[in-house]
Amino acid sequence: MTRGFYIGRFQPYHNGHHSVVETISEEVDELVLGIGSAGDSHTRHDPFTAGERIMMITKSLVDSDLVTYAVPIEDLDRNSVWVSHVQSMSPEFDVAYSNNPLVIQLFKEAGVEVRQSPMFNRDVLEGTEVRDRMVEGGDWEKLVPEPVTEVIEESGGIERIQRVSQTDSNGV
Amino acid sequence: MTRGFYIGRFQPYHNGHHSVVETISEEVDELVLGIGSAGDSHTRHDPFTAGERIMMITKSLVDSDLVTYAVPIEDLDRNSVWVSHVQSMSPEFDVAYSNNPLVIQLFKEAGVEVRQSPMFNRDVLEGTEVRDRMVEGGDWEKLVPEPVTEVIEESGGIERIQRVSQTDSNGV
Amino acid sequence: MTRGFYIGRFQPYHNGHHSVVETISEEVDELVLGIGSAGDSHTRHDPFTAGERIMMITKSLVDSDLVTYAVPIEDLDRNSVWVSHVQSMSPEFDVAYSNNPLVIQLFKEAGVEVRQSPMFNRDVLEGTEVRDRMVEGGDWEKLVPEPVTEVIEESGGIERIQRVSQTDSNGV
Amino acid sequence: MTRGFYIGRFQPYHNGHHSVVETISEEVDELVLGIGSAGDSHTRHDPFTAGERIMMITKSLVDSDLVTYAVPIEDLDRNSVWVSHVQSMSPEFDVAYSNNPLVIQLFKEAGVEVRQSPMFNRDVLEGTEVRDRMVEGGDWEKLVPEPVTEVIEESGGIERIQRVSQTDSNGV
Amino acid sequence: MTRGFYIGRFQPYHNGHHSVVETISEEVDELVLGIGSAGDSHTRHDPFTAGERIMMITKSLVDSDLVTYAVPIEDLDRNSVWVSHVQSMSPEFDVAYSNNPLVIQLFKEAGVEVRQSPMFNRDVLEGTEVRDRMVEGGDWEKLVPEPVTEVIEESGGIERIQRVSQTDSNGV
Amino acid sequence: MTRGFYIGRFQPYHNGHHSVVETISEEVDELVLGIGSAGDSHTRHDPFTAGERIMMITKSLVDSDLVTYAVPIEDLDRNSVWVSHVQSMSPEFDVAYSNNPLVIQLFKEAGVEVRQSPMFNRDVLEGTEVRDRMVEGGDWEKLVPEPVTEVIEESGGIERIQRVSQTDSNGV
């Protein structure tokens, strides 16, 4: 049995994430999706709460054969203890998937295997694109799995990101 | 569709919790199990990490018809913002289940419906009993669902709780 | 112009505090009432929020000739920086009033004048007595200034302290 | 009886804030001035301590018929619990006044009435202007109520903001 | 080259600690003394600041042939990340010395070698005894290395612990 | 006996810092080197842990006649309590050395003597230059004392800063 770990902010969970999960699913039996910056919400960069992101992920993967866990990870703002923090919050995992250089470095120093893939870069690019379209009234729905659309609509997510994007800082 | 919320420390998830979940399952379609004090571990009162507790819950409920979410909730140490914190970390819920007077008071002040039941008291009593047996080498296995036994054995949980119970405080 | 500083938890503001303020008012032109443990609430030991305590103090002193400031002071859990924290949150003051040995020691090490009085001990004793009566349904109203009764009744404070007193710990 | 809530950083309290308070005073009986980022000080963006800002506000409003409360609000860095935090620190209020999109969104999601006005934008613009003049030795005094000038001079505020403005970051 | 790590609160550094260091010095070339609960001070249980404890240790070991490092370690209140925290704050070490069951368990789970010795228990017992004598006016000086006496006298440590011991809690 | 205090991030400890220490050594008997932002690591701006920086400083000053203390200082993110925080973590000192305007202001408001020197500016400039060369593969070794080179090589510091510099933010 192999369990993988895939960290992201999932703001929101989109097709780029979804392809990554499908790719990883060929290599592992179970996958933990670590929801980073779980405490952040209500900003243009991080519009959705951890609870909303759990819903997006769970609903999008409900028909998948892969056993998945959506686990919120709050920021500790200490790179040197980040791996221990993740390991205590997550079901035990054998391999981490990431293209983020900092994440790779931290896992490597802790002796955790990390696998990279060029396609992982899609998730960062698409996240910004999705949020830009949400703010500007563009067609964001086709960039995310269908259940994500429902979660966002139920939470009034579009009105939220449009309004908070008018603020020039990330906090109150 | 009705979604319930059931908070506990689940140290560990035991038969008392399991009965509560079964009872609640007759009233809701989905249930969030909020794992309280998620950051605490390695003490007699809180021996297991959030990740280990997620595993216990998920594995114990894998065959249940109920849709469940196991969500770690870190302590904020502020009763006045606790409900908002829980609501941001959890999928949206319609009703909370608890017999804890403080939890009941906080949810009521926030306008959230709370349902109580005499049987909920079992979980607190049984949690202490399970941990006592673990420390003293008694028969704890029969008090927990079978998958919980596996999680605890794989994590070396018995050796851990036995050793840390010799410490006279809860921290390093 | 002399400004004094008087720290307390004011859970709730009662006649003992009120006498202390009257006594101090003969020595100073203005008085800051520092509301300690401002973030704590909803426990038997600290039932009321900082906002409720501000109301109790302000309404009780509305007819006083003394210029007063009610200032919430959140805990930093660091004795060594406590004086600096208080000084940054409070209007500048010339003398502190306290019978608490720790508070006296911290102010003295920081070079702040501290004045003590046997009568200051009343406030601690009376705080416990007031809360005990609230929990047990006794006659607490005569131990507090009249406006405090209103604040507590409007906030549902009696039901709150009675319920949370059934919990065996101070947090969720 | 209607009580309003008006949040700002008040770095410093200036004529723009003062006009807003005057306008609001026609709609409410009492007004809470929430002093945001209360823990920040000694930077160009946030030069004054919470205690100094309490003094500015209280002294400027001493002759007003409006009952006012100046309440420091420390940052929690969690948008999702910000409203609960504010509500626990402040006397209970019926309506919030703000033009800040994030503040508006958070209060609306929490079901709190928010009133906006074009004139509220003055406060942000004027705050920057006042601080710029302080740093560059310009005529800032005419942009603030007279008592504010005294508070700043007594605290050595001009020397402070001029010196810390030479630092390229916001912290030590 | 072998470097050891020895954690303690050192409230104060006493003869029991000193004997432990001497014993360890036969096994290692360098030794890190981790000063635990570095942020705590001004209580009966933790009377001295981290800075004062650094002085006690450094002055007591000035003539030792052992290369030593006195490193304050602030509490993170998360057992699961404690080892990572210690490792980031301390010069790299090969072996940890402790009789504390929790410390032993945490290091073992992290794969760090731990060495125990019956004599290590002296340090806990003696710490309480030294503080009791300080509070009660007994002969504490003979229980600590001579330089520790000087540090405590210069800081007014006896008056401090005697006064704060009259307080019934550990914080302001 | 005079003890000085010199604060820096020491990322890494380089020849600029070393000259400053030599200059200060003519004025004091002992010197505390406060390692600022002790909790930060694994970023381009702050690549090294506090433990690694303690090693750099201690090894570089091992042959100096000056008695030195390398003391990690974690950020509290509160300018108003920073001096108290530093004073509690550090051996007591008589004079602080700094050219940082914020540090100067904070110490002055607290009544601590501060000494400045044009040469102190070297340390900031050289820190950036050293890190730039590390990232770009340039000749950084000649900008630091020899023992620093060893510490960095043993910790894999060059690979670390090169990798994390590809990340566009400072945290996970």
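Think of it as A, B, C, D, E and F in the order they're written, each chain with its own count starting at 1.
Assume contacts are C-beta pairs under 8 Å (C-beta built on N, C-alpha and C of every residue); 3 or more make two chains touch, one makes a residue touch a chain.
Everything quoted here is computed from the prediction, not taken from an experiment.
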{"item": "Reaching chain C from chain A through chains that touch each other, fewest steps", "value": "2"}
{"item": "Where chain D and chain F overlap in contact partners, by chain label", "value": "A, C"}
{"item": "Any chain in contact with chain A as well as chain B", "value": "D, E"}
{"item": "Pair in C-D, A-D or A-B that repeats D-F, with over half of contact pairs matching by residue number", "value": "A-D"}
{"item": "Chain A onto chain D, rotation angle from CA fit, given as a multiple of 5 degrees", "value": "120"}
{"item": "Copies chain C and chain B - interface residue numbers shared by over half, same or different", "value": "different"}
{"item": "Separation of chain B from chain E, taking each centre as the mean of its C-alpha atoms, in whole Å", "value": "36"}
{"item": "Whole-Å separation of chain centres (CA-atom averages), chain B against chain D", "value": "42"}
{"item": "Shared interface positions of chain C, touching two or more other chains", "value": "39, 41, 49, 78, 80, 87-88"}
{"item": "Full enumeration of touching chain pairs", "value": "A-B, A-D, A-E, A-F, B-C, B-D, B-E, C-D, C-E, C-F, D-F, E-F"}
{"item": "Residues of chain F defined as touching chain A within the complex", "value": "39-43, 49, 156, 160, 163-167, 171-172"}
{"item": "Touch list for chain E against partner chain A, complex", "value": "76, 78, 80-81, 83-85, 87-88"}
{"item": "Contact set on chain F toward chain E in their complex", "value": "38-39, 41, 49-52, 54-55, 58, 69-72, 74, 87-92, 154-155"}
{"item": "Contact footprint of chain E on chain C as seen in their complex", "value": "7, 36, 75, 77-80, 82, 100-106, 109"}
